[in-house]
Each structure stands twice: as C-alpha cells, then as structure tokens.
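Next up: the structures, one after another.
Two complexes, one shared chain (chain A), two partners (chain B, chain C).
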Partner chain A sequence: MNFNSPFALPFSIGCVVMFAVIAYKYVRWLYIMPDSDKRQIKANIFSRRTWQAVGECVTESLLHRRIFRVNPVLGYMHMSLAFGWFLLIATGFVETVAYMGWTPVPLRGHVFFKYYSREMPHTEMWQMVFTQVMDALLLFVLSGVALAWCKRVYSKMMGMRRTTRHVWGDRIALTALWCIFPARLLAESTTAALWHNGGFLTGTVGSLLASSLSVEALLRMENAVWLFYALALGVFFCAMPFSRYMHIFTEVPLIFLRRWGVTSDDRPKSFDHFQLEACSRCGICIDPCQLQRDAGINNVQGVYFLRDRRYNMLSAEVADTCLMCGRCSERCPVGLDINKLRQNSRYSLHNSPSFRRYDYLRGVDSSVGSGKVGYFAGCMTLLSPRIMLAMEKIFDSAGEQVWWADRNGGVCCGRPLKLAGEIDAAREMMRQNTALFVKHGITTLVTSCPICLKVFREDYNLPGIEILHHSEYIARLLDEGRLKVKCNQTEYTYHDPCELGRGCGVYEPPRQVIQSVGQLLEPEETRNHALCCGSSIANTTISDGAQLRIAESLGRSLEATGAQSIVTACPLCKKAVKRGTKLPVYDLAEVVADNLTAQSPQSE
Partner chain B sequence: MKVTVIGGGVAGIQTALALKGLGLKPVIIEKEDTLGGKLRGWHKLFPTMTPVGEVLEPLLRELREQNIPIMASTEVLGIETDGVITSHGKVESRATVVCSGFDLFDATLKEEYGYGIYDNVITSADLERMMNNGKVALVDGTQPRRIAFLHCVGSRDEKVQQRHCSKVCCVTGVKQAIEMRRWFPQSEIYNFYMDIRMFGSGYEEMYRSAQQEHGIQFIRGRISEAAPVPGGKVQIKAEDTLIGRPLKMTVDMLILLIGMTAGCSNSHWAECAGLEQSDSHFMRPLNVFEGNVRSALPNVFYAGTVTAPKTIGESLNEANAVAFRVAEYLKGL
Partner chain C sequence: MIDFGFGVNTARAINMDTNDLDTAREIFDRLPDLQTCIACGSCTATCTAGAITSFNFRKVHTLVRRGEYGEAYAEMSKCMLCGKCRLVCPRGINTRGVVMLIKKKLGDY
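Our next item is the complex of A and B:
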C-alpha cells in the first residue's frame, strides 16, 4: 500500500517535532536529577509502586477520576477527550493490523487508515464491526469537544464559576485541538461518501454529502479535508510541547516518579519541571481560591503561578501573594504540590544565606520548669494569653509536670521564615530549638500552634520525642481519663486551621475534644475543604483589608451553622476569625479548661 | 416645628437647647435611662482638669428649664423622611439630628495586653470610674508603685480595623498620668506612645508640664505583649524606638488608653436610611467643610462624634452649628 500521499506531511512534521522536543525535555530533566532522587527511583522501580503507578495512569491520565469528583460533566468532558482519543488510536492500530497483518506501517498509515484503506474491500463482518466501533469512539470524542465549546460559553454548567485565561500559545493549541475531531469527521465522511466505507456516523454524514454534492466536487473536497485534518494535527503536535497540552504526556512520568517517592523540595530541583509541565491549566484551582473569591485577586492562583514559573516570567508578586492554605492542591486533578513549588520559588527569590545574622541566638534558653512533657507555645500563642492560661489549667488538672520551652520568650519555630523562602535562616532557628529540646530531655513535645506543629513534624529531627498538637494531647488525656470535663448543650462549630488540617492531617482529635464538652456543628466547607482564615503567615503581600474580607466570609459560613460559638485550634486563626464574626471565638484549650470538673487525678 | 434629636449626650443636649433657642421643638431620643452619655463616666476633663459636673450639670438644668421632651430608654429603629421609628412607636418630625456618638474600643480584642485576663490591666475608662468612686488601687487594695500607660489601643491599628486616630487619647493619657501622679506621688509613671498629638489649645503645655513638673516618662514605642508575673504584677515587652532597643519592664498597673470606635448601631439605621459610612464606620458627612453637619439626605443632620472622634468642645460647637443648619433647612421648606 502506498502511504506517500502529500496531505499527511504536516502530521508527520508535527509528530517529529513533538516527540523530539518531549524526548529532549524528559531526558534532560532525568539527567539533571539529583543523585538522591535517582537512588529513590532505583530503590522503587521494581516494586508494587510501579504497578500502582500504572493503575493511577489509567484512572487519572485516561479516566480523570479526580475531575469526576469535582463535577461529573467536567469529568466526562476530560475523559471523553483523553480516553476517547486513546481508544481511537489503540483501536485504529488494531484495525490496521487486522487489515494489513504484521507488516510495518508508518504512523500516518494508522492515523489516516480510513483514507488509505478506501480502495480495500470491507465486506467482512469484523471489518464492519471495526468501522462501527471507530465511529462510536469518534462520536464519544466529539461529544467531549462539544462540551468543551459549551464550557467556553457557560462554564457554570460544569460547576466552574471561573475558567483559566489562556496565553496565546495555549489558544493556538486549543483551536487546533478543537478542529482535529470535526475535521476527522468531515474527512472520513467525505471518503465514505465516495467509497461507501462509513459507519453509522461517517456513513450517514457521507450520504448527506453525496446527496448534495457531485462526485467531482467530493473528489476535490476529499483531498482538502484530509489536508485540513492533517494540518490540525500537525499544528497541535508542534504547539503541544510548548503549551498546556504538555500535561497529556507529562502526567505519566509524574505519576511514576511520585509513586517512586520523588517529591519537590524546599529548594528548586529537576522534579519541579515534571510538576510544572503536568499542569493542564484546567483552572479547577481558581474557584476554591479565597483570594479570588473574596479579595478580587485574579492573577496568582495555582494555574497562573505554575504557568508563569514554567515560562520563566514569575514575578515576586505572584509568588508571594498566596495564603498557602492548600485548598487548590486539595482539588487539583493532577495532585500537584503547588505549595511546595511556590515555597521553593520564594526560596529562589528571597533566600539570603547569612549565618552571622543569628549569632545572638546561641545559647538562648529562657525555659522554665522541668518535666518529660515540653510545651512550646509559639509566638502566636504567647500573644493569646487565654490559650496559655487554659493550657496551664489543663496540665495542672491532668497532674502533668511540664517544661515550658518559651514561656518567657524563645526562638521562632522557623516556619514563617521557611514559608517566606528564607530557608537558611529557618534552618538556623530549627538548629537552636532542636538543641534546646534535646538538652532538656523531653519525650513529648506539645504545641498549641499548628504552624509550629507542621515544621516540627516535617523539618525537625527529634528522635525519641513525640510531637503532638494540643488537640491530640488533650484528646489523649480525655481518653486516658486523666482529664474530666462536663458535657453541656452548647453548640459549637469548628474551624479547621489550614496548617493543622490540610497541613498535618489532624481532623479527628479536635472534633473528638469538642464533642466531649458540647455539640459540634460542621460548616458547609469543612475538613480538607475548610476555608482559610485569611491571616496566614505565608502571606507577605495581601493587604489587611483583603485579609479582613476573607475572615468575614469565613465568619459568615461559620455563623450559618447556627452555632453559639466558634472553636478553632490555632492562635492565629482565633485572632483572624474574631475579626470576621460577632460570635465568640475560642481556642480548643479554652473550651476544655472552662469545662473541667473538680475531680482531677491530683485531688483524687 | 418638630425636630428629633437622636442621642442625649453632650452633643444631643446642646443641639436640643440650640434648636429650642431658635424657636423649634426638639425632642431627644436616648437609648439609656439617663442623659449625659459617655460624659457621665468621666472624672475630670482635659486640659483644664474641670470636673465633669461643671459641664454636664448646667446643660441638664437648662434642659429641664426649657421643658424639652425626652424619650429615655428608647431605641431608634429607622429614620424616614417624615420622622423616626423607635422602639416606642413613630416620632413624627420635619428633620432629624443624629448625635448618637461613639463606642469605646473593646480592649479584649487586643488579647496580647491581657485585659480581662490578668489583674491590674485596666482601661482609661476604668480609671476614670475608679477616680469617680474615689478609690484607685490594685486588685489587692494596695497602691501601685510603677504604672504604665499604653497609647493607641484600638486606634491607628489595622489589625483591629481601627485605622483612624481617636484624637483625644493622647491628651487623656497625659491628663491621667498627671492625676495618677497626684494620687501616688511616689510612683514611677511611664507613657508608651507612637506619636504624641497635642493639637488643642493648652495641650502642649500640659504635656510639657507632665514631663517637667510631674516627672512622667514618655517612651516612644508600642507595647507588644503583656504577661502576668507572680504577685499580680504585669510584665510588658516593648521597644524604645528612639534608642532602638527592646525592653522588658514589670509594672504594677497597666492602663490601656482605648480609642473611639464608630457606634455599633450606625450600620443598621444608616443602611435603612441609605446613608453612607466612612471606612472606619463613622457616618460620612456631606463634606468636611461647610457640609460637616449635613448628611447626604436633606432632612438628616449630624453633630458630635457620630461622624468622627471629637473633643467635648468640638461636639458642643457642632451642636450649635447643626441647629443653625436645621433652622435654615426648615425655613426653606
């Protein structure tokens, strides 16, 4: 069979460009990967994780399960395009093999097989089945394209209030993509009109064409539409590695690398490229962003940050303007660790390695008391004395001997600096505190600040010391019967602090504690979808007014539960939520301390 | 012609008196059971140390003599073109003057200072009350030896949405420091401030005498946090920004000079009447020049601290000014 028809040339050029660029990128990124990541890959490549990655590639790259969870129509749109196209290619390949046997066929032969096989007889039953299946798959993909058009016009239909504003490269690729399948329908239908080899879809459209056009016109048209189809493919393939559609392939290595245990770090590294280029700019991260919702900031959301960083046009403003609440990552269908990437962008922008800055910290120890349990209040708790006093009451009531690490002032946990990108300075703080904790020989470290908790758990190396948030510690005391509280009928609602919930995965203990003293009412957006209070320390640019609007919107959602008071488990959230509501706002420890009953182990 | 005056503080009382003097028929609506407003809670007035009674009593006496009707314990629910809706029914009138004043900043919102949590952390309003009761002492009944005043609590503070300057706290801090010196001649007294704004006549002189004659220390720097120390004392952390050093100090008494915030009832009736509030939620006058006592509505007027923090003298002046504007408006009807 002769596969040398000139119309296929744009397609062939597109393929070469696309595969060359992608291969160059992947080889380069893998080559410059740090050795630790390479070892990680070697250690896990022959393990179950690889099979898990294969599974994830099917469920996510092809079926887009996570998008279905956001919205079923949106999920169907993505699935029909990805999975439908995949099936078209796969079935097309099988079809070619069925017709031709195992002879070498160039790629264009598979893709444009309807054209090349037009003179072959297709009277056998199996040939008919292939034709009908291919038509059904084309219809499947076309339904996705139609939905994509609808989404442009009315995105709310798919549960999206806002969609991404695209750069021109994306627009070219998008336009080409939208043309590909209608072009294919037209091309195959024209051939079907001339050669009567169409199925239920191309055959029907073909007979419509045949009834209105002469054979000469159809013959002229056939070449033109197949060229148009090949051009659409060619343009799309050329634009693809430089546009958002790079995600189609990149999500696959990303899934494998992630399953093998490669992650992004405090400092930028090669793996970041896989994350950046696996972003499809679907814009699902825009709606959950409270900066967009409440503060009218529209250019910093995950999708825009990743795009700007990918094209080397990231401004400090975009990198810094973010609460790092993690609501976007929670919804991201590709599961990108947007916070980590943003943080290491901030590192590139702001880190200043000066080790002499913190000389004065050496040997700072204003701790008081002694005990196996250490309590680190953190700066925000020190500014919220009601929490401190409540903790003191709780420790007393449980008969716990406590070493107060920073009651009279101490060294910062390091997380604010880390979030600002000042990794070196943050490490200095961590060194100081680690030495302090080790020196006093504690076995449990309790903190009432989720910001401190996260950095203690993630970045501190404290062997032999169990790190607990006060919610976990209090829940344990209640479980063990070391604290006795009275349960009343007060209805509380609970605000999940970002750093505690999405940050450290602590959702149950605070709820358990609240339910032991009263009734718990959940707001509409809760747990991993909980709103941010707006006063996050990750933010270094957002105005106070904007923060306040976010707090007020959170306040409204908490008030809507009908609760009499609001409970949270973060001193910073407590301060912030207070500004946004008229309801009383308490820390978990305060609620417990207020409801302690007299019979504590000490008095027994 | 009947004019409603909302609020029976100094501005409201003087407005009613001035309206009566111009031959109009004012009626005062007061949400509390007595007239006098915030003034009743103060002890002596800056910068002359005039006892409050000397200002308030003559005003109240005059009000009685003039037989001006007063609706006490009455809440305003809304303002309309032909009168005011109150909790005791509608009061018909041709014009309304809003003299509803301000609220005191709630110091518990600055939890880091420990108000309502630690002993011996009080507000400037608490101190006035103590002086009115004739007993200023620590919780355990003893005399304070070291006293700190903190300026700008709830003023010029974005974190509690109070961007404005409350204007009168600086001079109140100076006045109260001098009074404390008289109560406790042996004590050390410190004022922690950001700026000292001595704008009025006699204020600067008072500030100077506080330093020169009364030995009061002024330290430029806000207190960042306070913590309790055994024995009912309070440890404060601050920065002396003039020498650029952080400092810690243990004091017996910490007095927070709380600012003025917009009346919390403003939002409700203002929205009903379609009137505008400024960013700090005080009512926005038509303009701050010749329209300073007028609102965007022709029949609604303002006097006193409903539009911004003001001194008593300024509130009295506005009361007289507004009566003139109301009379002018009614004549034109």
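Our next item is the complex of A and C:
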C-alpha cells in the first residue's frame, strides 16, 4: 500500500518536532538530576511502587478520577478527551494490524487508516465491528470537545466559577485541538460518502454529504478535508511541547518519579521541571484561592505562578503574593506541590547569605523553670498572653514540670524567614533554638504555635525530643486522665489553622479536645478544605484591607454553623479571626483551662 | 582642663538637600501605607529582635525617610520577620513587606 500522500506531511512534521522536543527535555532534566534523586530512583525502580505508578497513570492520566471528584461533568470532559483519544489511537493501531498483518506501517498509516484503506474490501463482520467501534470512540471524544466549547461559554455548568486566562501559545494549541476531531469526522465522512466504508456516525454524515454534493465535488473535497485534519494535528503537535498540553506526556514521568520518592525541595532542582510542565492549567486551583475570592487578586494563583515560572517570567510580586495556605494543592488533580515550588522560587529571589547579621542571637537564653517537658510559646503566643496563662494552668493541673523556653522573650523559630525565601538566615535561628533545647535536656517539646510546630518537625534535627502541638499534648493528658474537665452544652465551631491541618496533618486531636468540653459544629469547608484566616505568615505583600476581607469571609462561614463561640489552635489565626467576627474567639488551651475541674489527681 | 566627665556633642545635622531621597521615595511609592505611620513605637515595643539587641524598626523607618541608608540596611538585616509588629500596628501597615522592600532596595548600599 502506498502511504506517500502529500496531505499527511504536516502531521509527520508535527510528530518529529513534538517527539524531538519532548525527548530533549526529558533527557536533559534526568541528566541534571542530583545524585541523591538518581539513587532514589535506582532504589525503587524494581519495587511495588512502579506498579502503583502504572495504576496511577491509568486512573489519573487517562481516567482523571481526581477531576471527577471536583465535578462529574468536568471529569467526563477531561476523561473523554484523554481516554477517548487514547482508545482511538490504540484501537486504530489494532485495526491496522488486523487489516495489514504485521507489516511495518508508518505512523500516518495508522492515523489516517480510513483514507488509506478506502479501496480495500469492506465486507467481513470484524471489519464492520472495527468501523462501528471507531465511530463510537470518535463520538465519545467529540462529546468532550462539545463540552469544552460549552465550558468556554458557561463554566459554572462544570462547577467552575472562574477559568484560566490563557496566553496566546495556549490559545493556538487549544484552537488546533478543538479542530482535530471535527476535522476527523468531516474527513472520514467525506471518504465514507465516496467509498461507503463508514459506520453509524461517519456513514450517516457521509450519506448526508453524498445527497447534497456531486461526486466530483466530493472527490475535490476529500483531499482538502484530509489536509485540514493533518494540518490541525501538525499544528497541535508543534505547539504541544511549548504549551500547556505538555502535561499530557509529562504527567506520566511525574507520577513515576513521585512514586519512586523524588520530591521538590526548599531549593530549586531538576524535578521542579517535571512538576511545572505537568500543570495542565485546568484552573481548578483558581476557585479555592481566597486571594481571588475575597481580595480580588487574579494573577498569582497556582496556575499563573506555575506558568510564569515555566516561561521564565516570574515576578517577585507573583511569587510573594500568596498565603501558602495549600488549598490549591489540595484540589490539584495532578497533585502538584505548589507550595514547595513557590518556596523554592522565593529562595531564588530573596535568599542572601546570613554573614554575621544574626550574631546577636548567640547564647541567648532567657528560659525559666526546669523539667523534661519544654514549652515553646513562639512569637505569636507571646503576643497572646492568655494562651500562655491557660497553658500554665493546664501544666499545673496536670502536675507537669515545665521548662519555659521563651517565656521572657526568645528567638523566632525561623519559619517566617524560611517562607520568605531567606533559608540561610532561617538556619541561624534554627541552630540557636536547637542548641537551647539540647542544652536543657528536654524530651518533649510542646508548642502552641502551628507555624513553629511545622518548622520543628520539618527542618529541625531534634533526636530524642518528641515534638507536640499543644492540641496533641492536651488530648494526651485527657486520654491519660491527667486532666479532668467538665463537659458542658456550649456549641463551639473549630477553625483548622492551615499550618496545623494541611501543614502538619493534625485534624483529630483538637476536635477530640473540644468534644471533651462541649459540642463541636463543623463549618461547611473544613479539615483539608478549611479556609485560611488571611494573616498567614507566608505573605509579605497583601494589604491590611485584603487580610480583613479574607478574615470576614472566614468569620461568616464560621458564624453560619450557629455556634456560640469559635475555637482555633493557632495564636495568629485567633488574632485574625477575631477581626472578622463578632463571636468570641478562643484558643483551644483557653477553652480547656476554663473548664478544668478544680481537683485533678496530681494536684490533690 | 578639668575633666568633668561630660563633653560637648559633635554637631549632628541632617542635610536633607544633600541626602539622596530617590530610594526612600521609591519605597513609599511601593508601600504607600508606610506614610500613615504615626511613630507610636508599638512595633519596636513588641519586637522579638528588639528584645535581644538594639534593633529598632521605628528608627530604621526614620533613617530611610531621611535618606540615611547605610545604617538602615545593616540594621534591617537583623529582623527575624516574625510579624508581631504587623499585628500590633494601629495603622495596619504591612511592616513585613516594608522590611523585605527596604532590604531589597538598599541591598546595593
């Protein structure tokens, strides 16, 4: 069979460009990967994780299960395009093999098989089945394209209030993609009109064409529509590695590398490229963003940050304007670690050597008391003395000997500087605090600040010291019966601090504690979908007014539960939420301290 | 001459005509809410670094306002960015943003 028809040329060129660019990118990124990541890959490549990655590729890259969870129609749209197209290619390949046997057929032979096979006999039962199946698959994909058009006009249909504003490169690729399948329908229908080899879809459209056009017109049209189809494919393939559609292939190596244990770091590294280019700019991260929702900031969301960074046009403003609450990552269907990427962008932008500017920290020790349990209040708790007094009451009641690390002022935990990108400077603070903890020989470190908690758990090296948030510590005291509280009928609602919930995965202990002193009412968006208070320490740019609007919106959602008071477990959240609501706002420790029964076992 | 244990201070005049105020103006343009500062000193009173060393946010702000950048940059580098000042500021000034901006703008000095 002769596969040398000129109309297929744009398709062939597109294929060469696409595969060459993608191969270049992947080889380069793998080559510049640090040795530690390469070792990680070697250690895990022959393990169960590889099979888990294969499974995830099917459920996520093809079926898009996570998007179904966001919205079923949106999920169907993505699945019909991805899975439908995949099946179209796979079934097309099998069909070609069934017709031709195992003779080598060029790629264009598989893709344009309807055209090349038009003169072959078309009477056997299995041939009919193939034709009908291919038509059904084309209809499947076309339904997705139709939904994509509808989404442009009315995205709320798919549960999206806002969609991504695309750059022109993406628009070209998008237009080409939208043309591909209607063009295929038209091309196959024209051939079906002339050669009667169509199925229920192409055959019907073909007979419609045949009834209104002469054979000469159809013959002239046939080459033109096949050329149009090949052109749409060619343009899409050429644009693909440079546009958002790079995610189609990149999600696969991303899933494998992630399963093998490769992650992004506080400093930029090669794996970041895989994450950046696996973003499909679907825009699912836009709606959850409170900067968009309440503060009207529209150019900093995950999708725009990743895009700007990928095309090397990231401004400090976009990198810095973010609460890093993590609500976007929680919804991201590709599971991108947007916060980590933003963290290492900030590192590239702002890190400066610490030199000797923090020399004044050396040897600072204003701690009081002694005991195996250390309490680190953190800067924000020092601004909320009630929390500290409540903790003192709790410690006394439980009969705990406590070493107060920073009761009279101390050194910051280092997380604020780290979040601003100044990792070298943050290390100075970490070194100072670590030395302090080791010097006083504590075995348990309790903090009432989730910001400190996260940095203690992630960045400090404290062997032999158990690090607890005060919610976990109080829950434990209650469990062990060392604290006695009275349970009343007060209805509380709980606000999950970002750093504690999404940041450290602590959701249960604070709820347990609240339920032991009163009734707990959950707001609509809770746990890993909880709102941010707006005063996040990760943000250095947004104005006071914007912070207040975010706090008020959170306040409304907490008031909607009908609770009498709001409880949170972060001193910063407490201060922020207070500005946005008329209800009283308490820290967990205050609620417990207020409900302690006079006599507990130790103090008797 | 008898030493009485005190002397005469050297003249410390700030010549606003010779000081280059362009950078200060840029900083105020970027964060205009800094103009609303009433110099109440709450930021300095709560400051974590200020409790340990002589760091003084209000003073740095004043130095920048006057165009005396050299000292301001070295001072600002002591900030730990903990954010207490932002919470207590009665004018709601984005103090952490001011710190980042001053360090960035004066980095060349």
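Going forward, the second predicted complex is superposed on the first by the 603 of 604 C-alpha atoms of A that agree within 3 Å, B and C clash if a C-alpha of one lies under 4 Å from a C-alpha of the other, contacts with A are read in each partner's own complex, and residues count from 1 in each chain.
Criterion: a residue touches a chain if its C-beta (ideal position, glycine included) is under 8 Å from a C-beta of that chain, and two chains touch if they have at least 3 such contacts.
Since we're looking at a predicted model, the values are computed, not measured.
> With the two structures overlaid on chain A, would chain B and chain C clash, or do they fit side by side?
Here chain B and chain C cannot both sit on chain A without a clash.
> Is A:V592 contacted by the first partner chain B, the second partner chain C, both or neither?
Neither: A:V592 stays clear of chain B and chain C.
> With both complexes overlaid on chain A, does A:D544 touch chain B (first), chain C (second), both or neither?
A:D544 sits against chain B and chain C alike.
> Classify the contacts of A:L383 with the two partner chains as first (chain B alone), second (chain C alone), both, or neither.
both
> Examine A:C412 and indicate which partner it touches, taking first as chain B and second as chain C; both and neither are also allowed.
In the superposition, A:C412 contacts chain C only.
> A:A420 contacts which: chain B (first), chain C (second), both, neither?
second
> Counting residues of chain A in contact, which comes out ahead: chain B or chain C?
C
> Quick check for you: in the superposed arrangement, does A:K578 touch first (chain B), second (chain C), both or neither?
Once the two structures are laid over each other on A, A:K578 reaches chain B alone.
> Could you name the one stretch of chain B listed in 221-229, 275-283, 293-301 or 311-319 that collides with chain C in the superposition?
221-229
> Identify the overlap between the chain B-contacting and the chain C-contacting residues of chain A.
Residues 382-383, 409, 544, 575, which sit in both footprints.
> Enumerate the contact residues on chain A facing chain C in the complex.
Touching chain C from chain A are residues 320, 350, 352, 357-358, 360-361, 364, 379-380, 382-383, 409-412, 414, 416-417, 420, 422, 429, 535, 537, 540-545, 572, 575.
> Sort out for me which residues of chain A touch chain B in the complex.
Chain A residues touching chain B: 382-386, 389, 408-409, 544, 548, 575, 578-579.
> Give every residue of chain B touching chain A within the complex, in rising order.
109, 111-112, 114, 117-118, 158-161, 225-228, 237
> In their complex, what parts of chain C are in touch with chain A?
33, 46, 48-49, 51-53, 74, 77-78, 80-84, 87-88, 92-94, 96-97, 99-100, 103-104, 107
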